[in-house]
Amino acid sequence: MKEINKVVLAYSGGLDTSVIAKWLEDTYLCEVVTFTADLGQGEEVEPARAKAEALGIKEIYIEDLREEFVRDFVFPMFRANTIYEGEYLLGTSIARPLIAKRLVEIASETGADAISHGATGKGNDQVRFELGAYALKPGIQVIAPWREWDLNSRAKLLAYCDRHGIEIQKKKGKSPYSMDANLLHISYEGDLLEDPWNEPEEDMWLWSVSPENAPDEPTYIELTYKSGDIVAIDGVEMSPATVLAHLNKVGGANGIGRVDIVENRYVGMKARGCYETPGGTIMLKAHRAIESITLDREAAHLKDELMPRYAKLIYNGYWWSPEREMLQAMIDTSQTYVSGCVRLKLYKGNVTVVGRESDLTLFDESVATFEDDAGAYDQKDAAGFIKLNALRMRIAAQKGRKLL
Amino acid sequence: MKEINKVVLAYSGGLDTSVIAKWLEDTYLCEVVTFTADLGQGEEVEPARAKAEALGIKEIYIEDLREEFVRDFVFPMFRANTIYEGEYLLGTSIARPLIAKRLVEIASETGADAISHGATGKGNDQVRFELGAYALKPGIQVIAPWREWDLNSRAKLLAYCDRHGIEIQKKKGKSPYSMDANLLHISYEGDLLEDPWNEPEEDMWLWSVSPENAPDEPTYIELTYKSGDIVAIDGVEMSPATVLAHLNKVGGANGIGRVDIVENRYVGMKARGCYETPGGTIMLKAHRAIESITLDREAAHLKDELMPRYAKLIYNGYWWSPEREMLQAMIDTSQTYVSGCVRLKLYKGNVTVVGRESDLTLFDESVATFEDDAGAYDQKDAAGFIKLNALRMRIAAQKGRKLL
Amino acid sequence: MKEINKVVLAYSGGLDTSVIAKWLEDTYLCEVVTFTADLGQGEEVEPARAKAEALGIKEIYIEDLREEFVRDFVFPMFRANTIYEGEYLLGTSIARPLIAKRLVEIASETGADAISHGATGKGNDQVRFELGAYALKPGIQVIAPWREWDLNSRAKLLAYCDRHGIEIQKKKGKSPYSMDANLLHISYEGDLLEDPWNEPEEDMWLWSVSPENAPDEPTYIELTYKSGDIVAIDGVEMSPATVLAHLNKVGGANGIGRVDIVENRYVGMKARGCYETPGGTIMLKAHRAIESITLDREAAHLKDELMPRYAKLIYNGYWWSPEREMLQAMIDTSQTYVSGCVRLKLYKGNVTVVGRESDLTLFDESVATFEDDAGAYDQKDAAGFIKLNALRMRIAAQKGRKLL
Amino acid sequence: MKEINKVVLAYSGGLDTSVIAKWLEDTYLCEVVTFTADLGQGEEVEPARAKAEALGIKEIYIEDLREEFVRDFVFPMFRANTIYEGEYLLGTSIARPLIAKRLVEIASETGADAISHGATGKGNDQVRFELGAYALKPGIQVIAPWREWDLNSRAKLLAYCDRHGIEIQKKKGKSPYSMDANLLHISYEGDLLEDPWNEPEEDMWLWSVSPENAPDEPTYIELTYKSGDIVAIDGVEMSPATVLAHLNKVGGANGIGRVDIVENRYVGMKARGCYETPGGTIMLKAHRAIESITLDREAAHLKDELMPRYAKLIYNGYWWSPEREMLQAMIDTSQTYVSGCVRLKLYKGNVTVVGRESDLTLFDESVATFEDDAGAYDQKDAAGFIKLNALRMRIAAQKGRKLL
């Protein structure tokens, strides 16, 4: 067994990570530092302090990372119109690199030689935490209790609490789902969802009303973009986290952003997940709309062709990697002129773009018009354009080649 | 000027192509063969016969191509989850290669040395028709009147009709938009849409009700897939064209499939387009869902990475090209096991997957479960997996490299 | 420890795998089946029989797989002009899937529940063997002694032999390098090569003379291709393995095919390797040459863009995967017309193409000529071609955009 | 005909562009400004001044652009290991954007409303000149005489000279090939080369000796890289143009850099070209070698996968485009740590890497060694790594899927 003196634990204040704190002390005879971050999960983080103190923790870090999270992680990712496997907006994936970064930074600050987390050995999160930690602090030790211990059922966990005097708050009506939340989304896994034929029950969803229960009147909003990022809503300037919180609220109220998929995990299995991403769903649609009038065609296509790869990097946990940085440099270079305004209609689950405008627009009515264009475009040019684009295929056909 | 003896014209029976028929005879002193295809545009094609006869046409081709269109063009394209620039389902693009193919086949049958069409010199359709024609019959001549004549306004066209005795049926309340329709979609361009800030008027849309006007009760349907294609709806086997017609009906009734975008044309300009694709919107969602449980992860990711390129080929008019055939071979190879059933909920513009199942599923509950998996997956394997995936980044960090 | 009854061992007859055979019996108390393949490594395989018998092995498989190796693995790979990291022709990588396939087939034939190999835990070969085995026979057990035992030095191995009565043939002047050979190449690693600044010593190379020692007169050869594969040399039809053996001979005699690189292993480290691939080096050059006149431009470019990915799949051990099969389908589709003849000059390390011809050529002198082309190509078409290709950039510049 | 007042002509001083100067004046009744650049083509540019003056030109630009050419165009391109269709180092392609830029800058300086060049309507150079010009100065007019006039044979050109008093210097033994040269390469097209079966005659090649005629003793050189670019040769710091000139000299003397290919032009035809690129051939090999020890694996693979696309952009004339700038940003981001030294052996056409070293190396002998690594790498990690990478394929096989 590894020799560990001090370990920084990603601590939520919940049952699992409370047990882990105790188990780390008992198993490794080491000091535990707890780190609890407010990423906009919607629960108070301060109560984690009292819980940590009750566990005898001396070094307790509690931090509000919401602005850094949205500004440095969520917004850069949305510049790429990122979506994993055509459906998933990477709400959990994008939060992990920031937590990994803070874990190893706190390890450096406190002289800890290890970090620990509560992610299981079957999921993606362990990979994301650990790849980030190793990339940023290569000598760090990682303790992943779920891969090491034998407390592999709820009964065993409760018995452990009992044995070690860990107090458990019984919540009434606790959700049977495994959940994760931050400003970008809330996720649900497990229980009934383990059968992909089952439709989720309506009361599972916590952040949005159903389209059925959404208002009968649409909501219109205007998003102002500057170089690829939203800087104002309905003309009011807002910080990144405020933008996302606002969009979550208005999106959730209109039944927007529910996703129910089977996805492919990096560790090799298929898994069912349900997600609510109200603000992100709006942002994806709006960002494509502002790009549609301000981004060059080939720049847009290059981004589209590399997006799945960029999404996969983030999903798999490679935010902190040279290849992600290379792609980010490429993406960010494209966003210089992606500025302007998008008008959206939100209605019972639908996000509809109903207007886009920009001082930097590349949409040229004088060229595009069906009416007389006063010579802006010479239709005769098209003949030569087509002739030369067809040349290679014409030669092939002349020489007797058949298309299948 | 080219010497032309006989030309096959893609003839709709409308004003523009009637004028073209006359203009071709007058300008090239040649015979005109008309070709009118039923691709599911929702208008009778037989009336085109009388109109062609009234113009003095002797060789008149009128064909029902709906099954061929869906089976050999639409379905293969949907196997790739194809979508252009994140939004457009390629409803117009995918119909052009079939028309091009029939035009040159009819040219061969009738001994014609040229083909002609009514597409303008600013759009994509001229490219799609002509690339297809040159690829399939390299010696063919192409006459694109809109690039040649000076009848570049409605007034001039009407004057031409008047001069040449072409009868015009005045439709009341004729749409001011430039439209194109087939079984996959109907499109709208021009007029008010030329300003991307304008929201389309509700009465522009012809194929779908608005989400607001859709029923208050959801509709559930089940689609059965076999090797990537839909073969039955709600347990009833149907031909390809019947499948798509059925989905258009049920989708349109539930406010599904409206898209409003600014897109990048191959000829170099940005253009506004609105589309209704009810059935296609359902098919895209459902196909991803059946793939989510039956397609290998890396096969799915390879498809996703190449999809934008495949979509661009079709959009730009390269259906009849060796590179499209290469990509099709790759895509089709992936679909062998994409069989099973998807259950969908349609409600006021929303298509929601609520179940998927397959005898060929790769979803393995025994591995994926949060509960005890009886050894199906050894969580300890994840430690080595992460360690080796991190190795290159750990070495870099140990040697002092900083991530930006 | 796993319960093993019988294990199929990839057995070379050398010291390492002889020790492994003994160690497997002692450690797992199981029966050992040996499998020795002739892949063209240049050593007799029959002597392995006597050695296996001396170890008490009862089921001994010795097989000549040279034709299958070249026909079903090497040739398909060369259709893609495959090269890893710009330099490496994948000589070792491409042999592993065939060995993996035979190992699990023999396991099925003999009722064995495990396979074993002599690859170390630091290299790529363990991955290639095991991914192949798991993909083809998912329930198979794999024993990789180098990852399990403590015989991690030559001295310990020799002591083990001494203890267990394994006879060792002392070779004079044994190479200090770790080597692997088959019909495609021979590789060298370790010893002096572990410092990337060291130039290999001349006597390390076994298959080729140095350019300095190659003949002063060039050798000319003509290769005949049919659908992407070589079917004849200098007009003489040959089987795939005969083709490769012949090219190795003539290439090696002319100092062709030495490569000295630092490559990136799948397990995360950089490693130095030297390779001799005389025939493969000639084939890569010649295949590109025959494609240059018979393959469509966009087909060629699509292949070029996907080649690095295909090479990586093979290098990493994913020959037996759905994504490799998808890419193969795409590649093979492109090769239908890749037939004709390439003339090459071999001289002191240089492979120079000095002629290519094909009945299926797409090279059209009448179009390409600098002389009068009699109207085959209308130079005026180029103006429109350029104008429309420039349009998007002209609009951007007109609207004040600056390129950086 | 366009109204032109003043035109800037890319002027070599040779026959063709002298005729063009005269023809432009006569045809457009406009003033002509000549622009002659020294890009290292190996001919004096000053004589062009007297020739221009003899033609009555008043505004004459003669510029030495060699450093800018190599620093801002050649070196950035080599950071990507750029090669078109596996063979061509883009020597002509990469010079065109700089000429296009200077042409439009001079047009702005002199108040000219047009530019002109001597490229034919069948080649790539017209596209490269004109795309660049349109992208940088969208209102510019372009006159391409070869697409407009009827002087389409040498006889007609000479008659025109005679008629207009243009003096022609008869060169003895003038090459029958169409050639282009700059510091990166010299190219040959036309004449005997129009048959791809013909081997070029030895006296065609001007910059290199044949391998046969190269020295019998090898030459060793050491190249020092800093962030992807060569900054010193054999320890002597040099400017970019000096580096390339030096490598051309030593490369050419050792028979290095001849290429003979059939390539695919952007305008749709296949064309035969022969190239001498001595310095570039050395740089490609050396840059890959320095990257092999300093560049992260995934960064290298990402570059390799995008290189063909980047090469195609440059070949097709899109240097001045947003997508090229995006890719350049990605490539340049990867080069931060690509510093160190490469030792090369040059011998009769062969460039062999015989050593590489760097303070920033990622090659870690302690991990890579075949000897005892003192725990730097735990071989047991490989088992988990393989198991999870195989999981998806094992599940598929367990469920009965067959690989083809």
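In order of appearance the chains are A, B, C and D, and numbering begins at 1 in each one.
Following the convention adopted for this analysis, a contact is a pair of C-beta atoms (placed from the backbone, for glycine too) under 8 Å apart; a residue touches a chain by one contact, two chains touch by 3 or more.
Because the structure is predicted, anything quoted here is derived from the model rather than measured.
Asker: Could you give the fewest steps needed to travel from chain A to chain C through chains in contact?
Answerer: Graph distance in the chain contact network comes out at 1.
Asker: Can you check which chain pair, A-B or B-C, has more C-beta pairs in contact?
Answerer: A-B
Asker: Can you work out the whole-Å distance between the CA centroids of chain B and chain C?
Answerer: Inter-chain centre distance comes to 42 Å.
Asker: If you average the CA atoms of chain A and of chain B, how many Å lie between those two points?
Answerer: Once rounded, the distance between the two centres reads 31 Å.
Asker: Give me the residues of chain C that touch two or more other chains.
Answerer: 264, 267-269, 296-298, 301, 321-322, 325, 361-362, 364, 367, 377, 380-383, 385, 387-393, 395-396
Asker: If each chain is a dot and touching chains are joined, what shape do you get: line, ring, star, complete or other?
Answerer: complete
Asker: Touching residues of chain B toward chain D in the complex: what are they?
Answerer: 296-298, 337, 360-362, 364, 367, 377-378, 380-385, 387-389, 391-393, 395-396, 399, 401
Asker: Looking at the complex, which residues from chain B come into contact with chain A?
Answerer: Touching chain A from chain B are residues 81, 85-87, 120-122, 126-127, 130-131, 134-139, 144, 146-147, 152-153, 178, 189-191, 194-199, 211-212, 216, 218, 258, 260-264, 267-272, 288-289, 292-293, 297, 300-301, 304-305, 308-309, 312, 320-322, 325, 343, 345, 347-350, 352-357, 361-365, 367-372, 377, 379-383, 385-387, 389-390, 393-398, 403-404.
Asker: Residue numbers of chain A touching chain D in their complex, please.
Answerer: My answer: residues 264, 267-269, 296, 298-299, 301-302, 318, 321-323, 325-327, 329-334, 388-392, 395.
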